[in-house]
Every structure is written in C-alpha cells, then in structure tokens.
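Shared chain: subunit A. Partners: subunit B in the first complex, subunit C in the second.
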Partner chain A sequence: MNKKLLEASKVDRYVPAVLVAGALISALGFVLAFTVAPLVHGAAVTPELIAGQLVANQLLFSQKIFYFHVPVAMSSFIALIFTAFYGVRYLMTRDEGYDVRAKTATEVAVVFMIATMVTGVPWTRFEWGVWWSWEPRLTTYLILILMAIAYFILRTAFSDSEKRCSYASVFGIIMFIDAPICFMITRLIPSSTHPVVFRTDSGLPPDMLVPFLICMLGIVLIAFALYRVRLRQSLLSLRIERLKEELDELE
Partner chain B sequence: MNEILNSVYGAVLPSAPYVIAAYALIWVALFVFVAIVIRGFKKSESDIALLEERVEELRTQKEAAEKER
Partner chain C sequence: MTGKVSAFKQFKILLGKDLRHEMRTHEMLTSMGLYAVLVLIIFGVAFAQLGKAVDVAHLSGGLVWVLIVFTSLLGLGRSFSYEKEASCIEGILLVPMDRSVIYLSKLVSNLIFLSAVEVIALPLFYFFFMTSVAPAPSFPYSIASVVLGSIGISAVGTLLSSITVNARSKDVLLAVLFIPVVFPLLYACVAATTAALVGADAWMETFRTGVLLAGAYDIVMTLASWVLYDFVISA
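Showing the complex of A and B:
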C-alpha cells in the first residue's frame, strides 16, 4: 500500500480555515436569501398596497427553502463523484487508501442526502399538502439514498478486505450512475413538479442568483472540509488497525 | 383582518415554520456527523493509548529477556 495515501495531506492544514470560510459564506448567502432575494409570486390576489408596493400575487416565502435545499443536494452529487472516482482508482491500483476515500465520500454524500430530504419534506408538506409524493425527482433521489445505505450494508458483509473494497468500489460506481439520472429527471419528465434550476437561459434574476451561488459555495466548502476531517480520522483508524496487526504478529 | 391582507400574509407566514425547520435540520444533520467524527477521533486516541501500553509491555519483556541472558 502507498504510505502517502495513509498520511494527512498538506490540504488538511487549510481545512479549519475552509470550514470557517464555508460557514461564514453560507451564513452570508442565507442572510442575502432572506433580505435581498425577492419573494416568488404565487397565485393572483386582489391588488393591495403594502409598504408602498402594490402586491397583486401571493408571496411564496416557502420558496426560500430553495437556497439551502439545492446546495445540499448538489453537494451530495459532488460527493458521489468522489465515490465513483476513488472506486475506479481502487480498482486500478488495489490500494486500500482509495477505498477509504471512496467510503468517506459516500458518508458525506449520505449526510447531505439526509439534509436534502429534511429540507425537501417540509416544503412538500406545505406546498403539496403531503409529507411524501412519488414524484420522479423524489423517487429517484430516494433510490439514491437506499443505494447509499446498501453500500454500507454491503461493506459489512465481507470480512476479507480485498473483497470488501472491490465490491464496494463497483457498487459505488453503479450508485453514481443514479446521480445524473436524478439530476436530469426534471428535464426527462417535463410533467415533474420540480423546477429546472440549472439551465442555459438561467431563470433566476441576479438578486436571486447571487445569494443562491453564495449559499452553494459555502455549502460545498463545508462538505469538502467535513470530507477531509472524516478522511483524516478514517485513515488514522486504518493505521491503528495495521499497527495492532503488526504487533500481534510480533508477539 | 382585512381579507386581502389575510390572503397575502396567509401565503407568506404559514410556511415560515417549515422554512425555519428545514434550515435548522440541515445543521442538525451536520452536527450529528461532526459528533460521529469526534467520537471516531476519541476511539482512535484510546486505541493509541492501548498500543503504547502494549509496546511498553513488549519492551519490558524484551529487556527482562536480555538481562536473563
């Protein structure tokens, strides 16, 4: 095994700063989302002058969930890219260091998947009046979550580390295939009630797009910092296990 | 309340608890993960302490064996 893959990298030095920057940037993004970004207009109502402004539509405060729901969902997809990448690297090199990286990326993906669900479900409850709907985006995302859970169950099924790493790497790559499907489903099935956020004609005006992008940057930085911290801890555990085995052999 | 205002505010405010809950729950998920990582570090610390203890035992045994020789 490549020893360098087991040691803390130079990047780890900057992790606390990245985490703080992520927290501050996302906090700024959320403040802007509630103060600068306008409310989205819903159904028409009889026009009324409120605070000097003529309001002719319902104002959808619930849409504010978008500013943190989408960034956490995107972060979970990004984490899955890492899972697949390190899965491929493991299969190419058979170096357990890559498997630890793939596993850590999947852990971070699961955390952000849970965050995506817990932000999406209250919105669904308020806007659609139900806690769950078998809508295409929700369904494909649920499949992704179940696959991520299955990834960890699969890992526990093998005591032989090489088998465990190989099967997990292959499963991680398969799991990643669902990510673009989930991302593209709102385009593939136009009847989907989920809006298409990322598109070439960008439907967002600048005063909504800028807070959104700031939130996105902050959340991605937090995800990266959490990944590095967890990776460092996982590598430390692996090194300890190796030392224990070596000690047992020496005795 | 004015019927129109009731309609306008009715669309704005009732969603607030859901928006706030969603925002709070993100941080709950992240803090749980951080707690798991901290627990992992603590376990690693105690494992290192055990390893140090074991190495010390082996060293003592080796020294005793050398003295006997």
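Showing the complex of A and C:
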C-alpha cells in the first residue's frame, strides 16, 4: 500500500482558490454569453407549434443554455475518463488510493450529468420542438448516466473492499469502452421514425466562441475543485477506517 | 501422463462439465425455455386488441430482442450461481491454468444454452405472431443478426454475471449492469433484424450496417472482457 496516495497533497491548499476562480470565471462567461454573444437561429426542424410558439428557424433565446450545458457535459466526460484511468491504475497496483480516486471522479461525473440532463430537457424542447428524441447524443448520454448509476449500485452491493474495488474498476473500464461504441452505433444506424435533428454546422463565430471557452474553463475548474474536495474527504474517511481496524487489532 | 494439459483440453473439460450438469439437471433449459414462452404469452396479451390493424413485421424485430434479452438475463444469472452454491468455483480456481480459459468455456456454454432456447422460442414467435403476414424474401438474413447478438450477449453477460454472483441482490444487479452495457448491441441488432424481416427498399444497407456494427461490438467487448476477466474471477 502506497501511503502517499492516502495523504492530502499540497494541491489541496489551492483548492478553495480554484473553486472561487472557477465560479468567477464561469460567471464572467455567462455574462458575456448574454451580452456579447448574438442570438442564433434554432435548428432547422419541421416547423412545429409548441405552447402556441413556432419552434423552428427563429431567434432562440434558449440557445444560451449552450454556454452552461456543453461545458458541464464535457466536464462529465473528462471525469469519466479519469474513472477508467484510475480503474486501470487500481488493477495494476491493487492500491485502494486509486480506487478512491476513480469513485470520486464518478461522483463528480454524476453530479455534472444530472446538471446536463436538467439543462438538456428545455434545450430539446425549445430548440428541436420535442421533449425527448432518441438521437445519438441523447441516447448515449442516457445510457452513460444509467451506467454511472449502476457503478454506484455495484459498489454498494459488496462489503468486501477488495472485491468492491476490483469490480468497480472493471466496470469503470467497460463503461469507458461502451460509451463511444454506443454513440457510433446510434449515429451510424439511421432510425426511420426519428430524424437526426441536430445541426451540422459546428463552427462558432468568435463572439460566441470566446464566451463559450471562458465558460468551459470556469466549469472545468469547478469540476476539478469539487473532485479534490471530495477526494480529500473520501481519503480521510478511508484513513479513519484503517485506524479503526488497527485499533481493533490492538485490543 | 504428462504434466502439461493444453488450454484447449482444459476448455473442453470445463465446457463438458457445464453441459453434463445441464444434461442431468435440465435446470437452465427448462427455466429459460419456460420463461421465453411466458414472455411470448405476455406479447400475446399486449397484441390481443390489435387485430390485423398493425403491421407485425415492423414490430417483430424489436420484440424478438426483448424476448432474447430477458431470457438471456435469466440464464446468465444462473450460470455462475450453481458454481457458487457448491463452491465449485473455488475448486476450478485452484487449478493452475489461464483464467481466460474459464471465461471462454463459460461464454461458450452460455451461448449454447441461449441458442438452444432461441431454436425453440423464435419459431414459436413466428408461429404465434407472424403467420398473418407473408414473410419478406430477405427473411433468412435475420438469423445472422440473431447469431451476432447472442455472441455479444454471452460475452458481456459472462463477465458481468461472474461479478454479480457474489452480490446479495444478484439478479437485480445483473440487469442494472447488463442492459445499459449491451444497449448498443441491441440497437444494432434490432435495426438489422427489422430490416431483414420487413425487407423494404434498400433494406440491405441498414442490415449491413447493423450486422457490421454488431460484429464490431462483439469483437471489442469479447476482447475487453477476456482481458478483464482475470481481475474479476481472482478478486
């Protein structure tokens, strides 16, 4: 067991500052998103009336969701990459410190996934005119959320720590392999009943790109700070567990 | 007697043990087969009010996979639990051999049981629901997607069921882990099966994409499970 993995690192001293910086930067990004970035047209779906409103090809205020929704979604992906990475590290070394890191990364991912879903529902409704669509990105994301939830159900099902850590690591890696395949398959097989409705012109003009990148930076910083805070707490509780076990042996 | 037993011989012995166990108890085939028939009956209830208003061919691809997934879940859940009950798995693990041989033998035995049930259940499905419509000429192609889907289900399911067999609520846990992981495969297989069963214009295009993607999923997931299996079974 590598003792160093269980101890608080020097990074933790800067975590509160990073959290505040992330909050300020993303707040700045949102302000710019509402002031500098222009309104854009909705995706070209068949014109449809929802609640008395035509929802295609009009200037959509709801597009502002983009500046929160996309950075949050990308942060959750980044967190899941770390879940798989630390899963591999755990299986290589059998060091519980890595498993705690994988678990913490997944926890952050789940929080960000919920935020993505909550902002995603108004997005699909006002941009695409539907509440839900079995569109590749949505489908993949839903499956990913289900797998992340399954990851925690898996963890709680085992009391033996070695079993729990190994199985969770294996499942974290499976999750990482499965998600891209899921996206590819749902993207490549056209569904006859649900047309692919997202727009394909992905280039952003600079007055949209700059606010977006600022938001992105802010949200990633917040994700990192949350990860470190939670990791510190989890490591401390693991150390307390260890100390309790040692005490029991002494008695 | 030489000391070295080839991996293939170990594989044959382990597979033979599973098949012999099944021949003597008929545990898997009866429970899976019966369950499949029950699912068909539920489909019958769901369809009871439709009459001939709905084109069954469009629905059948999806229904076939509902049937296969739920039936396979039952079989996969059982496949390790009898090893656990009599502590057979500890005996197998004591043998100094490559763990992936255990994985492959379990994969193949699960695949055999699933295929055996499919051989009974899918003609029954046809008999109950599809005789009212004339089969499309591309009908036989759907077998390819069923084969690829069953391989993928067994590959992923064997790995996941050897995880969940140690848990308290193993059946629920298996479903919770298995269905999201196998989702992409199902999506591809349903697309391919439906394309073959309906046989509309340019069905071959959808069918080919579906089958190729299902094949790719099978290869990637089998390799990944094979590599990861050692960590699961030794934990």
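Quick note on the criterion: the second predicted complex is superposed on the first by the 206 of 251 C-alpha atoms of A that agree within 3 Å, B and C clash if a C-alpha of one lies under 4 Å from a C-alpha of the other, contacts with A are read in each partner's own complex, and residues count from 1 in each chain.
Just so it is clear, a contact is a pair of C-beta atoms (placed from the backbone, for glycine too) under 8 Å apart; a residue touches a chain by one contact, two chains touch by 3 or more.
Here the structure is a predicted model, which means the values were calculated and not measured.
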First (subunit B), second (subunit C), both or neither touched by A:Val18: neither
Dominant toucher of subunit A (residue count), subunit B or subunit C: B
Partner chain in contact with A:Val111 - subunit B first, subunit C second, else both or neither: first
Contacts of A:Phe171 with subunit B and subunit C, given as first, second, both or neither: second
Contacts of A:Phe158 with subunit B and subunit C, given as first, second, both or neither: second
Contacts of A:Ala73 with subunit B and subunit C, given as first, second, both or neither: neither
Which superposed partner A:Leu39 touches (first subunit B, second subunit C, both, neither): first
Touched partner set for A:Leu188, first subunit B, second subunit C, both or neither: second
Subunit C residues within the subunit A interface of the complex: 156, 159, 163-164, 166-169, 173, 176-177, 179-181, 183-185, 187-188, 191, 206, 209-210, 213, 216-217, 220-221, 224-225, 228, 231-232, 234-235
Residue numbers on subunit A that touch subunit C, as the complex places them: 91, 139, 143, 146-147, 149-150, 153-154, 157-158, 162-163, 166-167, 169-171, 173-175, 177-178, 181-182, 184-186, 188-191
Sites on subunit B touched by subunit A in the complex: 2, 4-5, 7-8, 10-16, 18-19, 21-23, 25-26, 28-30, 32-34, 37, 40-41, 43-44, 47-48, 51, 54-55, 58
Touch list for subunit A against partner subunit B, complex: 30, 39, 42-43, 45-46, 48, 50, 55, 58-62, 64-65, 68-69, 72, 107-108, 111-112, 114-115, 118-120, 122-123, 125-127, 222, 226, 229-230, 233-234, 236-237, 240, 243-244, 247, 250-251
